[in-house]
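Quick one: this structure, given as structure tokens, is what I'll be asking you about.
So that you can tell them apart, the chains are marked A, B, C and D in the order they are listed, and the count of residues begins at 1 in each.
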Amino acid sequence: MIAAVATPLLRFAGVRIEAVGRARAGSPPLLDDLSFDVAPGEFVAVVGESGSGKTLAARSILNLLPEGVRRVAGRIELEGRDLTQLSGPDIRKVRGAQIGMVFQEPMVSLNPAMTIGRQLAEGLQLHRQWSSEEIRRQSVTMLERVRITNPLRCLSAYPHEFSGGMRQRIMLAAVLLLKPKLLIADEPTTALDTLSQREVLELLVELAHDDGAAVLLITHDLGLVARYTERAIVLEKGRLMEAGSTRQILTDPRNPYTQRLVASLPRCDAAGTAAPASAPIVVEVRNACIEYPGRPGLWGAGTPTQVVHGVDLDVRSGEIVAIVGASGSGKTTLGRAILDLKPLAAGSIRFDGIDLAQMTAAQRKQFRRAAQLVFQDPYSSLNPRMRVRDIVAATLRHAHLDAADRAARVEAVLAQVGLASFGDRFPHQMSGGQRQRVAIARAVVSRPRLVVADEPVSALDMTIQQQVLALFRKLQAQYGFACLFITHDLAVVRQIAARVVVMSGGVVVEEGPVPSVFSDPRHKYTRELLAATPALEAAALMG
Amino acid sequence: MLSYILKRLLLTVPTLSLVAVAVFLLIRLIPGDPALVLLGESADAASLAAMRADLGLDHPLPVQFLSWLQHALHGDLGRSIVSGEPVAALILQRFGLTAAVVLVAVTAATVIAASAGLIAAWRRNSAVDLAVVGAATVVLAIPSFWLGMVLLLLFGLKLGWLPFVGYIPFSESAVQAMLFLVMPVMTLTITESGVLTRMMRSSSIDVLQLDYVTHARAKGLSERAVLTRHVFPNAFAPTLTLVGLTLGHLLGGIAVIETVFTLPGLGRLMVDSVLARDYPVVQGCLLFTAVVYVVVNLVVDLCYPLFDPRVTAR
Amino acid sequence: MMDRFGHLGWNALIGVPLVAGLLVIIGIGIIWMPYDPIAIDLAHPLGSPGLYHWFGTDEFGRDVLSRSMLGARISVLLALATVAVAITLGAVLGLLAGYLRGWTDRLLMMITDAVLAFPGILLALALIAVLGSSDGSIVLALSTAYTPSVVRVVRATVLSIREREFIEASRTAGDSPFETISRHILPNVLPPVVVLATSLFGWAMLSESALSFLGVGVPPPAPTWGNMLSESRPYMDVASWLSIVPGLCIAGTLLGVNLLGDALRDWLDPRRQT
Amino acid sequence: MARSAHLAHVLGTLAVSGALALGLLAWQVAAATGAVLRARLKSDIVSTNPGTRRDENTDAVLLHIIEGLVASREDGSPGPMLASRWTVSADGRVYTFTLRSDVVFHNGAPLTAAEVIWSLQRYLNPQTRWRCLAEFGDHGIARVLSITAPDAHTVVITLDRAAPMFLTTLVRADCGGTGILHPDSVDADGNWRAPIGTGPFELGEWRHNQFIELHRFAHYSPLPGVRDGNAGGKHALVDHIRFLIIPDSSAARAALIRGSLDILDNLAASELIGIRGRPDIKFQQVPILDCYALLLQTRDPLLSDVRLRTAIALTIDTAGLTKAITWGTGTADNSPIPVASPFYGAAEAHIRQPDVAQARRLLRAAGYRGQPIQLVTSRRDPEMFDTAVVIQAMAAQAGIQLHIDLVDWPAHLSRYTVGNYQLMVQSFSARLDPALSFGIFIGDKREEPRKVWDTPHSRELLAQTMASAEPAARQPVFDALTREFLDEVPAVVLFNSSRLAAVRSNVTGYQNWTAAQQRLWGVGLN
């Protein structure tokens, strides 16, 4: 007898989601004919880049689609019961009790005006007829399970008193308190740094296993898929590309899009271009200490706080040196100091042999052209009111070039970054990746000797990240500028840098060529960082 | 918390002293002085000079200012030149009336705005939303005094339902006084609810798009619970600041509405005293309004954390 | 029912024709008016709207329609002048306060708070009484009352833009503070200021009417909607059209301008253009 | 506490504080009962101290409470009041008054010579700041040498010289009618407390800017005969009078229509429209001795030319202007002497006919090229503002560019007192004697900048009119002054307004009066 096929916990059958409203009638559907199953207790990932419809799919399960978007066809069954036919009150009985959901932005995933205790209790009061004492006890035990220190105080505290990682864990506790059969995690850790990302996901997996709940993980990061899920569903522009076991997807992708996605994972053998020992030192940092002035009280300035102390660093032209560390490690501040945007409290920084503190006005003007900065947030680093051509030309304003020369230079560099015909556009008319190319074009158009890139790719999707890093390497090879690459993601370091400097708490804890530091990290912190970077593990998995 | 209040109060001292000096000089720059107003057109030079001496206007300006300030600090704002009443008592009595109208009207407007704004944001781009936004925009366009005149014409003159003459104080008969205040309160409520509704709607729209609202729904809460417990507290915070600003200004006297409804309020007192060059009353009133404005803003800032705990008293 | 574009459409759909109508009326008023708005006709005071006088006549027998047309021009010009003065003065002070911070910021904020602590109308009343009520003094008085709100908006916008990375980019590109302000900060301060200008226009028009109510508005015989409305008060019950016509004119204009302001805000705000 | 409870708490306090504020105002005694006659005042009275800090409203209210030795009759002549009769010495310097014996103060004390002497001494004491003290100073009509009481019911006042205007001055309303007060009206160290007089009504409650209540004085003994101005028989026919303070005219009119007001006196002409022709409201009109005039500053370079002044006068259609401004209730009058004055003869009745053609000729002759001329006015009353608007329109017909400079009343007064104007519309309160009416205009500008007509001859003629009390002697001098006034055009007198009163049909006995003063004795409600 054929073993009765266990009815799936969750079944999508031909689900189609479209945008509503006059303006976008007739535009392609946001999600077209999506069908897949999730077995009880199974961990399934829905992978895709921004705009692939993965979040819409997750939200349609509990009918929480945003305004102006509607599910127009297909069924969504929970244990054989079609959720799409349920009336308001009935679907509300399912929400929270049988299906729980965890969201992406820790800052706004909890109600800032309500204590943690009340937010935890809310779901319980609705679905369980427990006494407030019982609810309090259950909340405390769950908070302990998600490793929150001093859970009692946490009950009466407000969300803003906790870090991003702790808030995601609290949210996890809130959802899992109701013992749902299915947990939907919509990019739960994208906004966290590497270490807290790992903590939250490990916790999610462990607790889901204990309660026997199935997990639907919505993510764009193949590294997470590799480490935490058994099966994966790949979506692109609202259509199902491929579905299968994680191993098969990673090692033997059949669909061209999946292949491109997998190719964007960092290779273990990839390495940044090392500069010959003889290349001239562009930047020489000796015993640099930087302070932030304390909060100005009513009478005189407050006590300053030490952010960077005693850092030594050299960057040679043609070389990419990566500075890696968690947020608050002082890496960004050091980068700003090297560009003379932050004064040094002690020590010295020399650029082409000239100490930044003693530069004359002429030297400073020359330095401004020779040292450029690429920012992290593509939305905030470009003036929304200027066209792309003017943004790039801005750095040449002080160069002694006549107009024709300048225009030609700008067009050339735009072509190099693959934005030849984008000169007339405004920033808001371009995607994140394209904007970051504009920022890079702006930095390299004046043929600088040094480019400091502060987290230039962390806001981009994986495939786009790949293209931008490749562009960076091409431009550096062509212009031979020295590059200081600041990032928190070791996977990116692996692909771009020759040497890496690991910082923690304002101090350099380890330094050296990328292959040696990655293969046998000496400092405990470096080891933790390496372990916490899933993308590296996936690469290892793929061999 | 106490140090924060002290610091805020300390910061207002320069502002208030600036206001005091500005008022003192401004009113004296206006041509014509109280002695003239009292004696009328048949006054001869001698009696004018005598009256000015009597009113102490012949001392040099700095001396007058210092004596006024010194008395003011002890709570004695001097006596009205026109009616001889102590200014402090006069202001408090008139302020009582203005405060009554303003507090009731602003409370009503806030309640209307909070509910209308929230529902319009919840049912965005629906008929309800269009109606609420339309009404708020139209109300914003109607001059408050014209609305007052139309109401007075309709309910007062034509229908005669409401009294609008000879303000009868509460001591006389609470009912009459209450009836008398209906139209001014109605006018103020309608005009103030316009801007508050628009503010509440836009902040509710922003809050509705945040994750914790979807999270609340994902817990299975009913729409009503989501709106009242999660959306309203967070959306109401910015509106509260606007209510504070409005209160600060309106308590300074709704001169024009008081003119339309002949309400002897603070605004009317200020206008009459400027037109009668009643220096002590003008100075007393404007300083009082400035203090009210500052205090109201401080109170609003203090109860802001009620709605947005992130903003704890620094 | 109406998606993003629809909403914007509603504002423009009603706002533009109203404002256009106003400008047409002012335009016609310059060339032709049914009667001389200042000429009095003591024989027929308070004539009700009829064939000769579409909007009736006032207490001096002057034609209400002609006075509304001339009043339109004066009220609008007065409000525009007030807005212009308040915006330029407010923008400059706001920029200084927002960009320079430190003592300038604290000083300017103290002054703005002091002026804001005054009830606006009374500050204007006192200033006009000092300067004598002429068009110039009214504009000066009203713009003094409204400049603080402009300073605050501009300062807040500058403070938020100042933190944006493209400002740091401009500094790294070697722009002087003046260049940073003119090329990067100013263009981004314009949208909120433009939207504020529309609501300021409404407040200025309302204040002029309020001043006429308190007896210090634009001096006669020149009509403005404000003084027509306040002078209609004694005859409210016997000649109600004297109050209704100017009231409707003011309300119509404000409705048009406010709706245009909303449309402008949606159109200028990049975030809403996704 | 849960957040939403907190929120309800905040909203609750806002609503409660609103109600509390309403309650805050309930703190005074209940109102008077019995028949209440409700009249209206445009603005609150200034004080209860007669003849000192005062305005027209204050004088009218106080004359219900206090009475002088003599009082003004209907025609303005002095008649007996607290003094039954008086004799004047041959040289006109010594006045002997015989007091009535049946008069009692409001506090029950009988009227004797002692109280009269105390009151008169108090008026003459500069500390009191009596408005008419100047009349008994250096520039006044005479100095008071002594006030004595030969016995309890006789008072003798001796002056330093004959003063035909002595009694007319005593009865002037703005001098408080030189009302006799009981010494208890002031406290121990002479500060004013409340008026204890002998009038038909006592002062009740005064709620600032809301109302003033008077109660009937039970022990008042009225003079025999019928009411005659402020003199004659004064009978209180109602228990209480309440003067309601309603600044806004349309509100006052609506109150009368709906019956919450019995008498609407001092009605502005523009308020008439809603009332005229209503069955339940009777309407009274009596010309009063005030005047509205256009002043021309003869010292202004432009207006110093009499041809230009005459041209301006010729553009004004006085009759048409008066009819429009006062809605037919005022009377056109180009002479400083009011129409209702006994001295208003043929010379005064001459009305200058408008002649735009002649005006243009004079303008060309005077070399006027359209320079703008400032016309100062204010909104003290609707007539003052409307007059300026009409004059501006009429002058425009002859090409004269008048620019209206609208200021508020104090500024208007201040520019009048220092003569800082080219043209100015001004109204002058009632003057009972023509000499006082001319006194408004005639005077030396160096000494008194507010005077308008500054010629030696006009001052000489004015002195003549003050010399004798005989009407037959004064009339020709007044006629000469009027003719010269019309020729030299130092000012253009326009009209005398009327005292308009609208009275509900159930009110009996209310009679308007040329002295423009509300009298509510002899008025009843049925």
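Here, contacts are C-beta pairs under 8 Å (C-beta built on N, C-alpha and C of every residue); 3 or more make two chains touch, one makes a residue touch a chain.
Keep in mind the model is a prediction, meaning the values are calculated, not measured.
Could you name the chain whose Cα mean is nearest to the mean of all protein Cα atoms here?
B
Any chance you could check whether C-D or A-B wins on number of contacting C-beta pairs?
Looking at C-D and A-B side by side, A-B shows more C-beta contacts.
Using CA atom averages as chain centres, what separation in Å is found between subunit C and subunit D?
44
Between subunit A and subunit B, what's the gap in Å when you average each chain's C-alpha atoms?
That pair's centroid distance is 49 Å.
Between subunit B and subunit D, what's the gap in Å when you average each chain's C-alpha atoms?
Those two chain centres are 38 Å apart.
I'd like to verify one number: the distance from the centre of subunit A to the centre of subunit D, where each centre is the average of its C-alpha atoms, in whole angstrom.
The answer is 86 Å.
Spell out, as numbers or ranges, the residues of subunit D touching 2 or more other chains.
Each of 3, 248, 254, 407-408, 411 in subunit D touches at least two other chains.
Which parts of subunit B, given as residue numbers and ranges, touch two or more other chains?
30-31, 125, 157, 229, 233, 259, 275, 307
Specify, in ascending order, the residues of subunit A that touch 2 or more different other chains.
113-114
Help me check something: in the complex, which residues belonging to subunit A touch subunit B?
Checking each residue of subunit A against subunit B gives 59, 62, 64, 66-67, 92-97, 99-101, 103-105, 108-114, 122-123, 126-127, 158, 160, 171, 174-175, 178, 298.
Using the touch rule from the top, collect the residues of subunit D that touch subunit B in their complex.
Answer in residue numbers: 3-4, 6-7, 10-11, 14-15, 17-19, 21-31, 44, 46-47, 53, 55, 129, 131, 134, 174, 207-211, 244-248, 251-252, 254-255, 258, 260-261, 407-417, 426, 428-429, 440, 448, 450.
Over in the complex, which subunit B residues touch subunit D? Could you list them?
30-34, 36-38, 40-48, 50-51, 54, 82-85, 90, 96-97, 99-100, 103-104, 106-107, 110-111, 156-157, 160, 163-167, 169-172, 174, 177-178, 181, 228-229, 232-233, 236, 259, 262, 264, 275-277, 303, 306-307
Using the touch definition up top, name the residues of subunit C that touch subunit A in the complex.
Residues of subunit C touching subunit A: 3-6, 164-166, 168-175, 179, 183-184, 187-188, 270, 273-274.
Show me the residue ranges of subunit D that touch subunit C in the complex, using the header's touch definition.
Contacts found on subunit D: 248-250, 253-254, 268, 270-271, 273-274, 320-321, 323-324, 379, 382, 385-386, 388-390, 392-393, 396, 404-408, 411.
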